[in-house]
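The first chain written gets the first letter, and so on, giving A, B, C, D, E and F; residue counts start at 1 in each chain.
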């Protein structure tokens, strides 16, 4: 068994589908083994397609994507989902502090001991800012509930930031959970591309097989250990 | 004796109390040994406590904190203090250039040869931006007065940014100046916490003792050498 | 001969004269050897001189500088020049996405296979943001035309960012092209300083001689390989 | 409770007392909570005091030190201790492969799932080589027993290697185990110095208090996560 | 077409099969497109299996492996192969200078303009030393023939060195050459393992597909640009 | 004036002429301003030219080079010179500890407060080992005389190690001392090459002018601050 049942996991994702791409298999496994998991999605994930942000114009897609969030996370067994609508690919137009305060509220509510979030040197500006905000929110004071933070990669983003720097050192075996991850990512129909685009079903699977090979298992998700206090 | 009496020191701090936490002991020693020192504080240090910045609501605390700045710096013997009110923990909402221009004005006025400022990879967004602004202001042209720049750590900020990267290589022995540092930080009553919070009297002392042990003295402050021209 | 004649080069520069300082000799050589080159300049390069941006006040200088862009690039033989007016030294006040979309438009139009752009850890905020935007625009999907990206240094900017980190690994021999580079940079009269300022004729030449010595040629321009797909 | 009782811990230390300085508190805690722990010490720890290695001359001290190993490790509750006599501070005179083969033998014998060992950029040449050897021995193939590797710092060695680079991200709370660590290190009488030497009782305690403050506990040991597969 | 026909490629590999694993597809493609390629293998690749090096005992395997070198490289179309017998996994017992002098001799003989060699922070000590030696041999003086150096990864070695640091930025599309690479590596029967061991046929293919996905092609080999002078 | 007259400087150089190339101008200036300086040269600097070290064969050149050491250092005004004969470019065949013990002896004899030595990531193996040895010898205990350590670059060595990593942050203005540096290096006739070889008179001067331009002076030597305790 992976861990004792008291674990409370919070995924802090910048935009919809990041939570599945980044740690969907691992979280499915945690839940299967008795943990509770929660997903926080900060951005709306759509409006960057226009030159000027226009939520009204994209309302239908936004509604559709929101539904996908719930169906995808349901497959993993996530207990509760929190969705905000910070502007997609424009987190740099929002004060960092506003994002900090949202994460803080959810975190204080959930009291997770484990957080999965983005990698600090991702290509996507929303991902970078999410990482900074998470660290600000989880200062390891005696009263802090969060004891473990791991950062994940997001296909077609992290691996497009040069110089490549994602250097994982924590690997979760998801050999029995890869199917659930694939099933969940399928729900994000509008986000999926055709292989060889990395954000494709075959891309997701190839990536998990690659990290699995690195550590002697069939499929794995790779993380960088940010901080662990035990 | 530490240095010849011609030294003119400028501390460029993001928010009140950073100047004491970062280099209070060293600056006290410089002054004791005949140098002149000046403090520039860029931010007001209070309003980030609210969801929306509301200076009016916090006016009393702001006034109180401003008084603490002066009493704390007086203990060190700082000759003059410049205080601005960039929004606390929201320097990212201000154009970098505005901060650059303020530091430039003060620097051209004081003509310091030494600057102490924040560390470039701090957790706090105000600290990061202050570092960038200082480097922009002090381009080492023939006419530039600043010949030495050192960056300092700020307890409960620098050491909370993972991966940890503060890698000091310049240490000032403050064995005879630690008391003055402690006395000065005490003036910032509203900012102090109880140990084991690092921003506590015991935390400040422990930190100085730790770096002292690293370099064979009783108490030390640790800096990263940014640039020295001699 | 340097390369086959099919090369289409796009320079993505933050502000006027960066394109010459960064890669003027190399681009002159590419053109001489049969390639087509295009210059995209994102910022207007002037208004940061004022405390508040005031384009009207600086209109004459802005017009003058725009003329210089064309005469300087003409010397290299650049085929077409695209000039935008993002606010000088204030790219941090613009959403990154807006800059991304401009570069994307030009790139899709030109379909270059090579891009020269800024270095990711430059001192200048406009340079940093330009680098981020270029990487975002050139995700190496099967349909992407850009196959090679190199980042350049800008004198009196890159080398003023401490800790120094520009670590070039691609060097173009510009021994026969240095004169053209000097001639082009001369057109930017308003931007040139007297030596020992690095942004001077002697400074530019010294720098090229320095990198030349590093790699066994008379004059060279130095680049960091960002990504090459062949 | 820290971890489930199946954990089997192997400490791979270069020289005597490294195992206590590096992870004595953590291993005491693991054992207290039901794990089995083993210590492998590769070097004899004495002969570097002479210009030419002369084991005969130092036999008495070598014998004495070997006794200390056993009494110190007994305090922690270590189940078995393996001691080799690679030449102190001269591991660079031994083929790396010889050290690899020794660690391999012990590891295959113990089948640990956790290894604690030195930090890769220590000052001490024996420490560096030990790290390299451990990584070579624990390639994460399907049959590999070792699932977690953490590297530790050694006072008066790691912190003397400039640029400082030890950047821990895994912290074990040893508030209840610090006394046992102190008790164990006391057994290494011949190795202890007076404070402010870091390798002193006060130094060891100060260091644990410092890392404790970093993560909100009374005393902690700090590690860098090398690789974890779960 | 990849490059003009004048290219002369030298692979400098530490041990047999590294030349195929590292750059077999790329070199096959270079040859196909008209270049000449040469392989230099420094070590014998076998004797590290014994506690004490005993060439006599392993003579049969050594002879067998040498034959495999020739058949494997023949598949790629390598023009000439140079094989030395530095002790496998014990390059640290040989003066670096001895290795330097061998590479120098071959290089002066071949006069390659491109070298492919190992990555500087590999796990394998032979690989690290080979990299150092290559750099020493190819100082970019005016008379130096070598104009491009790229470092490659070796499966089950590079990716086992933590922290992971291989950060490739040059990718060669080997979609049409992967079969030749696989065919060549098959010749090293004694070196191949079963998947999920990375040094397996499936592992080699997975790795090439993974890097291909990163850059929008079917299969790719990944390299770090060491130095290019053009 | 640079510094007070109590400074005692020790240069720890791997091989003859490194002391001039690395810090000749700065040390000349220190001496001019009243300091005492000492040179320690560890290696003999010649025998690496042969495949097997043969001191007898090279005795004449060794004698000649030794004379050059004295005449060159005399020009700077160095007070005393210590010369050892560790094997040129083969320091890796000597136990690190042997080199440590030599430096220790000289250092305890001279009791310098400042050491100039090689850069830790140089290309030359002797340089790397010298750096490691110096750090081992100067652990900053209360009784340690050495308070400042700076590392220097060596032309045609440091800048040939890729990835380039020498990142200086301490610059000494040698505008008035460059002639003395040039005069001294001229004494090493047998070591000098013709420009564009970096180890030429023009190369040395170009390098000093380049760093001078970086920091607003005519000529400068560039160093990395290793550790300063004040």
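Keep this in mind: a residue touches a chain if its C-beta (ideal position, glycine included) is under 8 Å from a C-beta of that chain, and two chains touch if they have at least 3 such contacts.
Keep in mind that this is a model prediction, so the values were computed, not measured.
Q: Going only between touching chains, how few steps reach chain E from chain B?
A: Minimum step count, chain B to chain E: 2.
Q: Could you work out how many touching-chain steps separate chain E from chain F at minimum?
A: 1
Q: What's the rotation angle, in degrees and to the nearest 5, for a C-alpha fit of chain B onto chain C?
A: With C-alpha atoms aligned, the rotation comes to 120 degrees.
Q: With contacts counted as defined, which of the two, D-E or B-F, has more C-beta pairs across the interface?
A: Higher contact count goes to B-F.
Q: Give, as an integer number of Å, the spacing between the C-alpha centres of chain B and chain A.
A: 36
Q: Two or more other chains touching the same residue: where does that happen in chain C?
A: Those would be 140-142, 162-163, 169, 196, 214, 216-217, 226-227.
Q: Could you list each pair of chains that touch one another?
A: According to the stated criterion, the contacting chain pairs are A-B, A-C, A-D, A-E, B-C, B-D, B-F, C-E, C-F, D-E, D-F, E-F.
Q: Tell me, which parts of chain A touch chain B in their complex?
A: 95-98, 101, 132, 135-136, 139-142, 149, 226-227
Q: In their complex, what parts of chain A are in touch with chain E?
A: 159, 162-165, 167-169, 195-196, 198, 203, 206-207, 209-210, 212-214, 216-218
Q: In their shared complex, at which residues does chain B touch chain A?
A: Touching chain A from chain B are residues 48, 51, 89-90, 92-93, 123-125, 156, 160-163, 196-197.
Q: Which residues, counting only chain B, touch chain F once they are in their complex?
A: 2, 4, 140-144, 169-173, 214-217, 220, 225-230
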